[in-house]
Amino acid sequence: MSTSKFGEYGGQYVPEALMPAIEELEDAYERYVLDNEDGFMDEFRRRLRDFGGRPTPLQHAEQLSERYDAEVYLKREDLLHGGAHKLNNALGQVLLAKYMGKDRIVAETGAGQHGTATAMAAAHLGMPCEVYMGERDINRQRPNVFRMRLNGAAVNTVTVGRGTLKEAINETMRDWATNVEDTHYVIGSVVGPHPFPVMVRDFQAVISEEAREQVRERAGRPPDSVLACAGGGSNTMGAFHGFVGDEDVELYAVEAGGSSLEVDEEEGVAPNSASLSTGDEGVLHGARTKLLQDSNGQIMESHSVSSGLDYAGVGPELAHLVDEERVTPVTVDDDRALEAFHRLSQEEGIIPALETAHAFGFAHENPEQLGDVTVINVSGRGDKDLESVIEESAKRDLSAAPDMDVFDGGAGL
Amino acid sequence: MSRIGEAFADGPAFVPYLAVGDPDYESSTAYVEALAHGGADVIELGLPFSEPVAEGPTIQGAVTRALDAGMTPGKYFEFVEELDVDVPLVCMTYYNLIYQFTTDDDERKGPRPFVERAAEAGIEGFVVPDLPAEEADPLREACDDHGLDLVFIVAPTTEGERLERIMDRVSGYVYVQARLGVTGARDDVSDRTDDALGRLEDWDVSEQGPEARRTESNGVPKAVGFGIKTGKHAERIVEGGADGVIVGSALVDIVAEGHREGRPAEAVAADLEAKARELKEGAASGYAQRVPEPEHT
Amino acid sequence: MSTSKFGEYGGQYVPEALMPAIEELEDAYERYVLDNEDGFMDEFRRRLRDFGGRPTPLQHAEQLSERYDAEVYLKREDLLHGGAHKLNNALGQVLLAKYMGKDRIVAETGAGQHGTATAMAAAHLGMPCEVYMGERDINRQRPNVFRMRLNGAAVNTVTVGRGTLKEAINETMRDWATNVEDTHYVIGSVVGPHPFPVMVRDFQAVISEEAREQVRERAGRPPDSVLACAGGGSNTMGAFHGFVGDEDVELYAVEAGGSSLEVDEEEGVAPNSASLSTGDEGVLHGARTKLLQDSNGQIMESHSVSSGLDYAGVGPELAHLVDEERVTPVTVDDDRALEAFHRLSQEEGIIPALETAHAFGFAHENPEQLGDVTVINVSGRGDKDLESVIEESAKRDLSAAPDMDVFDGGAGL
Amino acid sequence: MSRIGEAFADGPAFVPYLAVGDPDYESSTAYVEALAHGGADVIELGLPFSEPVAEGPTIQGAVTRALDAGMTPGKYFEFVEELDVDVPLVCMTYYNLIYQFTTDDDERKGPRPFVERAAEAGIEGFVVPDLPAEEADPLREACDDHGLDLVFIVAPTTEGERLERIMDRVSGYVYVQARLGVTGARDDVSDRTDDALGRLEDWDVSEQGPEARRTESNGVPKAVGFGIKTGKHAERIVEGGADGVIVGSALVDIVAEGHREGRPAEAVAADLEAKARELKEGAASGYAQRVPEPEHT
């Protein structure tokens, strides 16, 4: 059996009704993913290439390199089908569900990227699919809601709580607990009960497998640092996994600093999503990990301008790597993320996801920490964020934002 | 045998659930006491957790109301201490609240400080829906040290080795989940209840497997929950072989309705007591109709 | 000198003020593109790979293959950075402008895809950029307007006429005529005066170069047919160019049939964009080609549900290949295109651009014409079309559309 | 020498432009006649094309009004036939209309039927803004066959070989584009006008290159257009060496304003005539101030 723990993190804290499914999944993970039974991994890799568009390029970023006096390479997961790294995992899990003989898929989504990736993978593989999404996120990421529906998925609105990812996960677990016998829950990040964290990591590890080769080819040497934004941590673990053994490579997990790192216990709100940087050990959604919680253990409402980072927990393996000091957690707040969004859009011609923009915010504030060669993971594209960015930028006085008036007034705009 | 075990000794037990602090501390006290008056044999007292993943909309609502009214683990224990009831009390909550609880004397994370405080307050057992047998050893040990029961849920999907693993660790009663899904009152009784009871029965009579708790307690009683709403349901379930019935959402519905309509707490309490009586009587009548079973040692 | 004519089509019908710039461009095209002077083509190909994400995959489409009893392969230009084949050309031209020492870029756009591709390329290469777009198209393709602005481009609304691509081209030519000395006009398709049609074709030819190799590798033989939608014809020529010499490969240029192939001379409106299928020889926007025009030679207002096909002209080379019977022009109307959009979204997990959907509409109606192996060019993704599709589908009774109610009502939707 | 060439013979020519049919057939007739009364030496009559890529907003507006009012090539020729003016008329239009025109007798596409019909109607020359020298041979030949002039535009960017290619083919007058960009009245005179005139002058005196039309006409006159708005502008330009001034947008502005304000056609015609007079006089006064040039054969 694969080990379910990373140090003291991880485990399987789920209702009994789900345990048999989780054991079945563990078995399937070992056979198909680890042992490539029935050629599962071959088929997965082939589909990632043909349907997903892998390998994604590693691009030398000319303006940023000059600005930061370092060779900045961008791992272009935004070019993956669906527009984010999320497809690596979604395709792997939906395919696995098929191998397992399941005939229905449920998933939760925050930014809607995992939901769209899952809906696309499910359509591609002919699987019925339902996606749970918080009401607030639905309003922040409407294009993704449309995309899921167009791919034939049902999108179920979750209205409890603040209506973000945490509530969507709760609701999906409830659906799964109800329909566990024929349904697979395609979890969207390296979170949840074992074997999800290792399995999702393995599906996402293709990012660093490719990047490690590509940067050696391009720069002729390993990078000094790798940067990735961290919500649940799937793109982080994907971008880091291949480098964890390369001890000289600094790994920065960039969390959402939101509007503040202070916590409002009274209101139960942490106006950030920095569970690695400020969180506390606890149990949520099936695993022991670092959490944003109050002193009683109630989970806090997190906040980030980017839906995809807006989560009170984080993957247990990442929490462990932080404790081991292998990964350095850092934070970038809403304002700096928005500025980084505009900067990348204008200077490199890449409109990043708001999630991704956090990684660039860190590079901008701390160029001296990048070393001579750095890889920044462009976890997704920003098409889904256009309206949010315009709205959020208008509220602020951002140095890097284009003049927003044109969006409001002007002929036909 | 624990007090909880004893509650199942003569006839089927009626085990109601309410979320503590729903909709406020005082009303909640009255409601729990009403359940005792109505014939409860054991009461499950929910300590509200912000992420009730195993609950349906009804109990989610109760949890939200209780949290909004300021319920905390500390207040929960005071509540238990102040309760004037003479039935064993089971604390139902999620693991993070147990795990996080510390006291000024004991700042170690982990289940011990919570269990200690619970025992002190008068709690006699636990049900923790997000704690499967695999992760339960620390809590089981703490419970053993303080003489508390740890109830496990057996789901319709629980079979074979898993069932054994649970039966090895369970004490007080086995919570037989009548159907897949989350908590919530239903209009029908699940077919899967009979299956589950059957499976447990097979297991009970089988001689194989570790004997630990089971032999000691001469078979842990089986209480069925998830979806039971009426006296008729209770009757059918006990007739089908259950040693007890667990009812949550049907009672929380009464609390929620009273709250919505602004009714006085005494009126709601009276309704709860009447509902408890209906369920208790249903269970008794089911027992009476039961084909006598061969006793097993 | 490169020849400016394709049979009787092509030429250089532009104001004298532009002729010197066009001669300069011709010279630059020959030196940099044809002769790879200063390593232009090497740099272009490298940037297409790293920034653009080439090569794009050739994907075997399982559900469609089964449905049409043919091996259907999809050339996934939708995975190119920006979401359409347009970047191949935009990147080539902006880079060429840089080699030519120009310091300003103008472009027209219909669907906004060429505009966004140009804005991205311009940001990537540090070139100021202005894009002209018709008012009607701006309203049909708002996300692309936002994207251009975010990339730092100015978007100029064109209010004359029906406010579609034709008017945007007029206006861009006027800008170019005013600023011709320091400005390059990045035309968006294989239209315009020589050398644009050949140059744009050469930049887009990478599609068929790759596809030709890929289909041989995958199917072990050449395809029987290649399908691509045709507006101006850049993705068509890109998809066809490498196959033109393979005489057994049928080439289908799928035009927008709009709401009808009939023409309203009185109103000056052709409710379609089928210039190859129904048009008449004439001179527009710098070239002699097939046009939608009335009996006097006034250009008709074209129509298509997809902005990117909504144009009264077509590339001269394509017109010539049709006359030579090397390319078969066919049409697909708005309704069938919308149905094909929904079908591909639901069955293959690919949300295509509305333009692209026309090619799939043809395959669906004429499976017998595909042969045993067919390549369909997925010219772009449909993110830009979400709102239009929802609106246009709601007006119709489409068999393939998902239930649209959820988009209107429902919690938070 | 053609009638158009002769119009430049004694003193600078004033060459106004109007779009035919703007805002309607009858008014347009009155407006063109008013220009003749105001002193026009040659009149450019625009045949509206739906894609006027070389025009600024003013003339685009005129074209749209004329098309909306139903102007077609057929009506255009009737208009020309019915005009009561005694100055040479130049047809200004885009190539597609010339190319598409066919008659019942002659259904071949290409410029011939159009040129034939134009000659018959009384047109004496053409300006085709989207037809550079490279594509002009078929039209040039048709014009030659019917004794019509073909005017070409020389832009600020036109130099060297290109200039020669144009001068080889031009007849009637050279349309010197005063500035880059599109048509439209301006408040200043472009510095580039002088440059352009200078270039042409050099060319004129040079002896090299094909002699064809040039020698025959002893130097084609140079008329400057694009942006000329006032008598003062005309004066400066002629003083700077132009053989004529072409004025379009400044006149179309008067038509547009009259249309917008619903003024009677006679009033607008009177304004046009006055404006024509101002421009014609400006040109004359510029000529008077001109330093006499050495004549060349």
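For clarity, chains are labelled A, B, C and D in written order, and residue numbers in each chain start from 1.
Methods note: contacts are C-beta pairs under 8 Å (C-beta built on N, C-alpha and C of every residue); 3 or more make two chains touch, one makes a residue touch a chain.
Nothing here was measured: the structure is a model prediction, and the numbers come from that model.
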Third chains touching both chain B and chain A: none
Chain A-chain D separation of Cα centroids, rounded to whole Å: 65
Intercentroid distance (Cα basis), chain D paired with chain C, Å: 37
Centroid distance [mean C-alpha coordinates] between chain D and chain B, Å: 97
Per-residue multi-chain contacts in chain C, two or more chains: none
Arrangement of touching chains [line / ring / star / complete / other]: line
Touch relationships between chains, expressed as pairs: A-B, A-C, C-D
Residue numbers on chain B that touch chain A, as the complex places them: 49-56, 60, 64, 67, 72-74, 94-97, 99-101, 109, 129-135, 152-159, 162, 166, 177, 180-182
Residues on chain C engaged by chain A in the complex (per definition of touch): 49-53, 56-60, 63, 76, 78-81, 83, 119-126, 135, 138-139, 143, 145-147, 149-152, 155, 157, 159, 163, 342, 345-351, 382-383, 386-387, 389-390, 402, 406-407, 410-413
Of all residues in chain C, those that touch chain D in their complex: 11-17, 19-21, 23, 160-161, 166, 170, 173-174, 177-181, 268, 281-286, 288, 291, 293, 295-299
